[in-house]
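You will see two complexes here that share chain A, one where it goes with chain B and one where it goes with chain C.
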Partner chain A sequence: MQTKRITFNNRWLPYLLVAPQLAITLVFFIWPASQALYQSVLREDAFGLSSEFVWFENFETLFDDPLYLSSFKVTLVFSAGTTLLSMGAALLLAVMADRVIRGSTFYKTFLIWPYAVAPAVAGVLWWFMFNPTIGILAYTMRQLGYDWNHTLNANDALLLIIIAAAWKQVSYNFLFFLAGLQAIPRSLIEAAAIDGAGPQKRFWTIVFPLLSPTAFFLMVVNIVYSFFETFAIVHATTAGGPGQATSILVYKVWRDGFVSLDLGGSAAQSVILMLIVISLTVVQFRFIERRVEY
Partner chain B sequence: MATISLDKVRKVYAGGVEAVKGVSIDIADGEFIVLVGPSGCGKSTLLRMIAGLEEISDGEIRIGDRVVNRVEPADRDIAMVFQNYALYPHMTVYNNLAYGLKNRGEPKDEIDKRVKEAARILEIGDFLDRKPRQLSGGQRQRVAMGRAIVRKPAAFLFDEPLSNLDAKLRVQMRIEIKRLQETLGTTSVYVTHDQLEAMTLAHRLVVLNHGRIEQIGTPLEVYEKPASTFVAGFIGSPAMNLIPVKAKDGRLHLESGEGLDAPDGFGAEHALLGVRPEDLQVDADGAENADALSLRMKVIAVEPVGAESYVHGRVAGVVDDVVVRVPAKAEFSAGAELNLKASRDRLHVFDAANGGRLNG
Partner chain C sequence: MVENRPWLTFISHLVLIIGLAIVVFPVWVAFVASTYDPKSMLSGVVPLTPGDQFFQNYYQIFVEGLSSAGAPPVGLMMVNSMVMAMAIAIGKIAISIISAFAIVYFKFPGRVLAFWTIFITLMLPVEVRILPTFEVTAGLGLLNSYSGLTLPLIASATATFLFRQFFMTIPEELSEAARIDGAGPLKFFRDILLPLSRTNMAGLFVILFIYGWNQYLWPLIVTTDESYYTIVMGIQRMVTVPDSEPLWHVIMATVLLAMIPPVLVVVFMQRLFIKGLVETEK
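Up next is the complex of A and B:
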């Protein structure tokens, strides 16, 4: 396809039109990013009175710090858990919805709901339900013989933020899966049924392979989400604790920088996060360019 | 190989639409049956009930001597060719053909043998490694056929399999389907809205209208003796001319005054006289003949189609245009007055009230 060429009469008009976008990018992305890069090679004392240029010392310290390495591990577990849980739940819901509705928007609207909820609110919601003293889910589990306490138990805490983060993302994934499912012609499923494949077999040999482009796209989106957009959820539920058990990378950046006032270390961490987001974006764009077509 | 019989089969969809209103057909082993009718008349619904893709609201369907009302599609031993081919887009042609055999647990070398055999018959052996999207429309059509024959089912079901092809390919594939069915001798039910396709393929035609059977018969029977004005208008192109007449004193009178002797046992007062475009002759002298229908027509347009031409014109008392088939060489111009004649044994008489055929 060819892009249409538009000629402007006034030579400044095009620049004026992109100016707001440029300004926003400059103020909210380029400038902070360069600040982070700059700070990551400085060491500043806690009162911000003096700073000294230290090359890559902040990065070296970081990778020698067991707490940072463990935060990396926590983030990986959290990200994998969130992605699997939210995509799995969404796929299950989408398959059920696809079977029932085919076109009706009622359930769709209903299931989009969680996506509109602010992350902090989602966090608080789940925090309440799992609260060891007042939470209904914690209570139920205790009845069933499991003593849930995410304020003391690191695994419970990690599970809590995974559930809260996944829940918020389910609706987004659901919409994509449902659209993907509805794009599969009914006759394909019918042909497979005549060809002797039962429902399970049809799902794994026909439906799932046809959904895999959607699934791959969602996987990247969900990893990006769990890495970078879950700060508020962690903050509202576990605040990184107990200890540092749920201190995922984004959370640690904030805590080291703004609570512990280690600006150099915090900046070095954000530079690393920046590299991760850049590489994920590259993966995603390459994928969209070479989108699998049938 | 199997017979298929439908006994008072009905289909009422969830919304209350009665798509099939009590249809009974007995299909012989090896027979090629074509269900034909306008869009929305219930052809696909009927076919899908035979396939097991739609529940049967009422009545009974048998394949062989087994009632299949409650049998899953996979267990009915049928194969279906869909209008959009429904090829599995992520599988190679080979796997598309092999899928049904694999699901039935056939041994690998048997699968390979049958797939190669089907590919040879349909001349798709060169594309076995390709994905469906790398094939042309005609090639996809062949793969869809291949997927049907590879399983050697008791019956083939076709739902408008040629309607996505261009005209030339359609004729070619039509001939191939006919040849294939004759070679394999597999009972087939074929759905189409194209009367020409229906006429050329069928051993017997089933003409459907609003979920009911209008007529069952061989293509020639249906063409020569349409059971109703609906069939008369649907089968044959250009369609049969229908001319309103009044019966009086043993004669049928056109509104323009001309008349002819009524057929024996004719009882109705108002009738429709049907005459096919090829049965009308242009007659120079215009002398009246008690035993033939004569009409005066004012030409409004001439449609040359190559080997012949269709002359459209107006006849007093007839709402629709009357069409006459003439040799291509004949020259008529708009505005000319023609005398037309049709011999009495070429006339069809229908009841004006219910459209049913009145003469034998």
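Up next is the complex of A and C:
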């Protein structure tokens, strides 16, 4: 790894400079993570009085547990739904915003602020509008003949958290898509127009392929977001219910650890989540390395 | 604009306005709901035009809070959120910039190891190590304190990378000149690196402020004392009231107050925000 050609000489200063960061990393990151690894192979009673080494029994129990498997499925559906909805909407808006000349700054300002809204707040906003008794959207849907009730209907509840999570994420995707669109050379598009390609053809044969690196990057970011940053949406609104319909993986780790006090099971889930984060990070980094070569 | 197609321009504007409406609508509904008294809220659907209880409702939550739901005054929670967001943003920038300085401008044994140790934190978000991190924090006696709220979130691989990349682009001549003129490392850092990093720090600050303000899971588990509640997690306490319909007018007023500071930061520091966002994702 590189340093500057000219470096300073000092025996103790560099250690002093990295010490705060390293201390926090070791105490609050590395040590807890190793504890999770260690606890995932132990069986402990809820009071922490005795523990027993059980090899991979916690993992076996986990993968035999229909609740855990259903939580995995819910997370996949939730993640796919959120990613598709927010990226689709963002791409549409970005393409339109790239076209218009008048008012583009205005549109941009008003489309990016939801980035600053906390996931919990986004969840509560949509939860209120879909409230079965007083919510305006639930009322509208009743008028249209659909009886919306996310406290009873599993699909309604899942759709609710997907919409809330996607709503917040559209602004992020919009910004990156817009930047990607503006980086496409105008001359390419003009050449295609001169050759007689209409707007739709230009989009699918030129713009869309050139946007695919951005789209891939955003897909990874969105999957990470929907896997790990959406605890608040679930916890503040549906609380995993009805039944287990919206109990996504991060929600289940928290619930099993803090509410059910199943330490070994929660630790085993943490380890699985860590593996997921690590593989997603590796994918992200490999992609970025490739982009640098262009 | 390649060619003039009035219809397509019209459709573009239409799509953008619809998108804008979808983005703004939830906030409008929340605002309207926060201007009614509780009775009109329970008798049917929320109306779409504001009521006349605006000052009364906001005064009530700001000063008194919602004691029935065990939530402190919103004013106090906003102060807590502000302390937490500022401490996290400033703390992360401070410890990251000095460790990046050490890694780029010094050769010392253990340098690569230090770099990789910091790098690993990228792969360990709070959500995947909740319970053990809580145990460590509890063991250090940091529950219900500002240090407990902020310290465990302060390490930052992203910020360290960002500063490292930036330092690598600074010309060698600057440090050579500084050395010839007899400046030590600390003087070089203070008089040359810090001023050069100003815009990077500002962009990063915007992103990290929003990150800190919007924390939810961590404050939820380390605070049990109401006087340390942050506003984003305080909303949850108001929403989950047992055996009764939540007091929507109060909740919606709190929701609006919770989103105002970070949204203002994004809107008024748009350029820095975009710079920070693009850079932290590199």
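Descriptive notes on the structure:
Please note the rule applied: the second predicted complex is superposed on the first by the 281 of 294 C-alpha atoms of A that agree within 3 Å, B and C clash if a C-alpha of one lies under 4 Å from a C-alpha of the other, contacts with A are read in each partner's own complex, and residues count from 1 in each chain.
The working rule: a residue touches a chain if its C-beta (ideal position, glycine included) is under 8 Å from a C-beta of that chain, and two chains touch if they have at least 3 such contacts.
These numbers come from a predicted model, not from an experiment.
Within the superposed three-chain model, A:221 lies in touch with chain C and out of touch with chain B [touch as defined at top]. Legend: residue contacts after superposition of the two complexes on their common chain; A:162 is shown touching neither chain B nor chain C. For chain A, the partner that touches more of its residues is C, with chain B and chain C as the two candidates. Of the two partner chains, chain B and chain C are each touched by A:193. Look at A:209: by the touch rule set out above, it reaches chain B but stays clear of chain C. When the shared chain is aligned, chain B comes close enough to touch A:185, but chain C does not. Touch criterion met: A:7 reaches chain C, while chain B stays clear of it.
Residues 190, 193 of chain A contact both chain B in one complex and chain C in the other. Of all residues in chain C, those touching chain A in their complex are 1-3, 5, 8-9, 11-13, 15-16, 19-20, 22-24, 26-27, 29-30, 33, 41-42, 44-46, 48, 95-96, 98-99, 101-108, 110-112, 114-115, 117-118, 120-125, 127-137, 140, 151-152, 154-156, 160, 167-168, 172, 175-176, 179, 184-186, 188, 210, 213-214, 216-217, 220-221, 232-233, 235-236, 239-240, 245, 248, 251-252, 255, 258-259, 262-263, 265-267, 270, 273-274, 277-278, 281-282.
Taken in their complex, chain A has these residues touching chain B: 185, 187-188, 190-198, 201, 205-206, 209-210, 293-294. Residues 1-8, 10, 13-15, 17-18, 20-22, 24-33, 35-36, 39, 89, 92-93, 96-97, 99-101, 103, 107, 109-122, 124-129, 133-136, 139, 167, 170-172, 175, 179, 186, 189-190, 193, 199, 217, 221, 228-229, 231-232, 235-237, 239, 250, 253-254, 257-258, 263, 266-267, 270, 273-274, 277-278, 281, 288 of chain A are the ones touching chain C in the complex.
Contact residues on chain B toward chain A in their complex (touch as defined above): 51-53, 72-74, 78-80, 82-84, 86, 88-90, 99-100, 103-104, 131-133, 147, 151.
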